[in-house]
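One chain, chain A, links the two complexes that follow: it is found with chain B in the first and with chain C in the second.
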Partner chain A sequence: MTILFQQLSNALALGGVYALVALGLTLVYGVMRVPNFAHGGLYMLGAYFTYAVLNGLGVPYVVALLIAAVAVALLAALLERLVFYPLRNAPHVHAMIAAIGVLFFFEAVVQRIWGADFKQIAEPIPGILNVGGVVITWQRLLVILASVLAMLGLNFFLKRTLTGATIEAMSQSREGARLVGIDVNRVGMLTFAISGALAAVAAALIAPIVSVAPSMGEVMNLKVFAIIILGGMGSVPGAIVGAFLLAFAEVFGGFYINLDFADVIGFAALVLVLAIRPQGLFRRGT
Partner chain B sequence: MLEVQRLSVNYGPFRALHDVDLTVQEGEIVVLLGANGAGKSTLFRTLSGLQRPSAGTATWRGVPLTGGRPEFNVARGVALCPEGRLLFPDLSVEKNLRLGAFVHRRDAAGTERELGRVYDLFPDLVGKRHAPAGSLSGGQQQMVAIARSLMARPQLLLLDEPSLGLAPLVVEQVFAAISRVNASGVSVLLAEQNAFAALGIAHRGYVLEGGRVSLQGSQEALLGDDRVRSAYLGV
Partner chain C sequence: MTRPAFKPGPLVWVALFVLAALLPLLQPGGFVLDVAINVMIWSMLAYGLNVMLGYTGQLPLAHAGFFGIGAYAVGILTLREGWNFWLAWPAAVALCALGGLLLGLVAFRTRGDAFSIFTLGVGVIIALVINKWDDLTGGNDGLNGVPPASSLLGIDFSKSANFYYVALAALALTVLVVARTRQSVFGRSLVAIRGGEDLARSAGIDVFSHKLRALMLSTAIAGLAGGVYAAYVGFLGSAVTGPTTTFTVLLYLLVGGVGTLAGPLLGTGLIYVALQFMKGLQDYQYIVFGPLLVLLVLFAPQGLAGLWNRAQMRRASARTERAVDHA
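== the complex of A and B ==
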């Protein structure tokens, strides 16, 4: 029972982190119609920025998280301007290749500044919470609560504000959005910024549990692409459901079958779903 | 006044419009007749800013419409209700309409007033306001598309084949609505293949063939013209 609950809290925390990263990716895909292969790089930078701000400025963890989120948001908007915008009329493969280049560029820069070895971020609230025998680490609780909060905030923004509606409108009909007067370039930049902020928040949340390394972006890239393909490219609910499905498959598959098997299970689930629903779980067939 | 002068539009090497001259006076309904592929949508997309011309000019009240920025054109009072509607299918009808008023986002009271007016124009939409636009029938989606373009409070409304694929009764409803909009002072340019209903409400018309204006005239002249009668009225 205790072990089951621990696995459950692991899966929820991991799912929350996957969801935040995947949401940004799916939003950007929705408005740009181009997969941003540099997305994992933004996530990785979020972790390093948090690390650097914590060590360099000595500010509290939450402040470091917010600074990292703002910094990565700005960087992501810049990425849209410098890479995706100039390539908007070129074949999509150009932007994809450019984004992969950016991912490796980020990795190289990070390695040059901070080195290739693992970095540790201390848990802001060390230790565990024990409620009548049910045990969870404070950090996992924090990850779960913060990611849920971020998702609720995003949902509010998309559903209840006009600016949020412009993102949804643009992903459903780019020309329709232009005809009502929406400036699609501004929406594109804004969406990139949001995706960067979400990725950085996710990285800052999980960093005290895992270690921080330059390659963490590539690994996350693989997972979130699997997630949004699973959920349906561009679908917001699909990204969330896909994220938790993958996290549960990894955690419980790893526990009950074999830890080495954890990564394989996620992708087996992906293959299975795509065999039945090629368009993903949450996208209408076309 | 809408003034189109010697407008030409190319898709790569293919020229879809050749030296088109056309005007819409303030308060007029002008119909643009033409078979499939004549270039009607190309003209409309160009006037809305979605497509850039290769030569010629188009101005509304003296302001050029050819800068390739639809958000500029709609803010200057020229709204397109496009072929294929281009609605936001997963958003509710009302959200589609509110987004139609995006250029008036700092005038919330004006948007509420306009919302009331379009619901008044298309009462069928009131009961569907919370339904996803994509779930409506074709006729109702067309109403949403027209209503959404009206939410921008245009002075010139461009309607690209609004009757396409609609049942005769719905066509009648849509054309009655267009007449009412025009009566409230909005100038209208209306593309149609089904010429009968369109000429019924129009003041003047043009016939587009192979990207050129082949014929123009008043409502009566076009209704009486043999070529129009055989090609577009099926008489």
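== the complex of A and C ==
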């Protein structure tokens, strides 16, 4: 029973991180109709920016996290301007290929600057919490709380503020949004910035648990794409549910079946779901 | 008016392959042959990708996985089971075609972006399974000592200069099959699907079965290339079966020109040879490749073949204008 709760806390922390990264991706897909393959690159940059700010400026962890989030948000907005905006009318395959190029570029640059080896970020609150025999590290708890907080904040932003409503409107209908006077260019940039910030926050949160490496973006990329296909591309609740489903499948599958194949289990689940429901769990029709 | 499209006629292709066949007679160094064989292997993979992306308009991202399946099938069958290379190779191609069929049955339930992402997931699964299945594939250590191609008709193909002809023949076969396919009714139907699935369906084309057959052809070609790779390199590691390889070949294809017959060979040859002369640049490879991909889709999405076409068309229209002026 203790082991079960232990795994549960692991799965929740992992799911929270997956959800933050997947939310950004699904928002961008909803608004721009672009599968942003560079998203994993933004996630990876978030981790490296946190690492660099922590070591370079010696500021507290939370400040480093915020600086990284802002920096990646700006970069994502710039990316939208330079790459995705000019390609908005081109075939989708073009935007996908360009995004892959951007991902390669990020990875190569990071490898040049920081090297290919793993980097460690110290846990801001070291130590563990023992609740009735269930051991949970403070960092995992922090990840769970912060990701829930970020999701609630995003939900408030999308549902209760005018700017957030424009994002929702645009994902429903680009033309309709333009007709009622929404500046679709500004919303596009904003969505990219939000997705970048979410990815950076997720990376900064998980970085003390896993280590930081240039290839971390590629792996995360595949997982979050699996998640948003699972949840239905562009669907916000779908991304959250998909993220926790994948995290649970990985943690429990890895624990009870075979740790080596934990990654395969996630993708196998995706293949299975798509074989039965090609449009994902949360989207009607195609 | 001149023919605007960049389509070297059959004669140009025959001349090219005859010239290529004469290359070993010049007794070039091992380096030249090595580069030539590598270019042929990777351009075959690019041809396979082109059948899907260029003709059918779908971007599958599992091709390195099928390349890997072909390569490992040849490797395992010849090394572990003691099969003759000339038996193992067709078996590997058949296996890849079958794999393509199975993938397509599921993957074509999705379309567009979801199809690409789905196949990317499958590509990752293939690479992971190859990496983790120690008993079959040697896992992380890879498969060492795949025997070179055995003799056939009294020719010893274990020598690099002779094996060159195996690769050349495989490439020639690939180009021929792709060219014939493109010309056939089947190929035209594929192009119609690229133009619009719903429209193609309304014209009476069985979209699903056409896409399925295109994918099978495409993965079979990937397996063909993989088989040559296995016998040539002699060592198989799981890294080559991952998405990075797919993306690199995608770059070759884009540089050459998507949807053209010359594009895959042109792009692979150019980039691969250029890289050989910039060994110092290899660490920076992706710092250059990444932005290059972006710039290509932004400014020259049709690649070199497309640029050539545009130049031809401009010249042709200038000529017509001049003719009109003189009239």
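Quick note on the criterion: the second predicted complex is superposed on the first by the 285 of 286 C-alpha atoms of A that agree within 3 Å, B and C clash if a C-alpha of one lies under 4 Å from a C-alpha of the other, contacts with A are read in each partner's own complex, and residues count from 1 in each chain.
The definition used in the following text is that a residue touches a chain if its C-beta (ideal position, glycine included) is under 8 Å from a C-beta of that chain, and two chains touch if they have at least 3 such contacts.
Just so it is clear, the structure is predicted and the values come from calculations on it, not from any experiment.
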Touching A:V131, do we find chain B (first), chain C (second), both, or neither? neither
Which superposed partner A:A226 touches (first chain B, second chain C, both, neither): second
Which superposed partner A:G181 touches (first chain B, second chain C, both, neither): first
Check the residue A:E168 against both partner chains and state whether it touches chain B (first), chain C (second), both, or neither. first
Figure out whether A:I3 sits in contact with chain B (first) or chain C (second), or with both, or with neither. neither
Can you tell me whether chain B or chain C touches more residues on chain A? C
Where on chain A do the contacts with chain B and the contacts with chain C coincide? none
Which of the residues in chain A end up touching chain B in this complex? 162, 165-166, 168-169, 172-173, 175-183
Would you pull the chain C residues touching chain A in the complex into a rising list? 53, 57, 59, 106, 109-114, 116-118, 120-122, 124-125, 128-129, 132, 243, 247, 250, 254, 283-287, 289-294, 297-298, 301
Chain A - residues contacting chain C, complex: 29, 35, 83, 86-87, 90-98, 100-109, 112, 218, 222, 225-226, 229, 233, 260-261, 263-264, 267-268, 270-271, 274-275, 278, 286
Hey, which residues of chain B end up touching chain A in the complex? 48-50, 70-71, 74-75, 79-80, 82, 85-91, 95, 98-103, 105, 148-149, 151-152
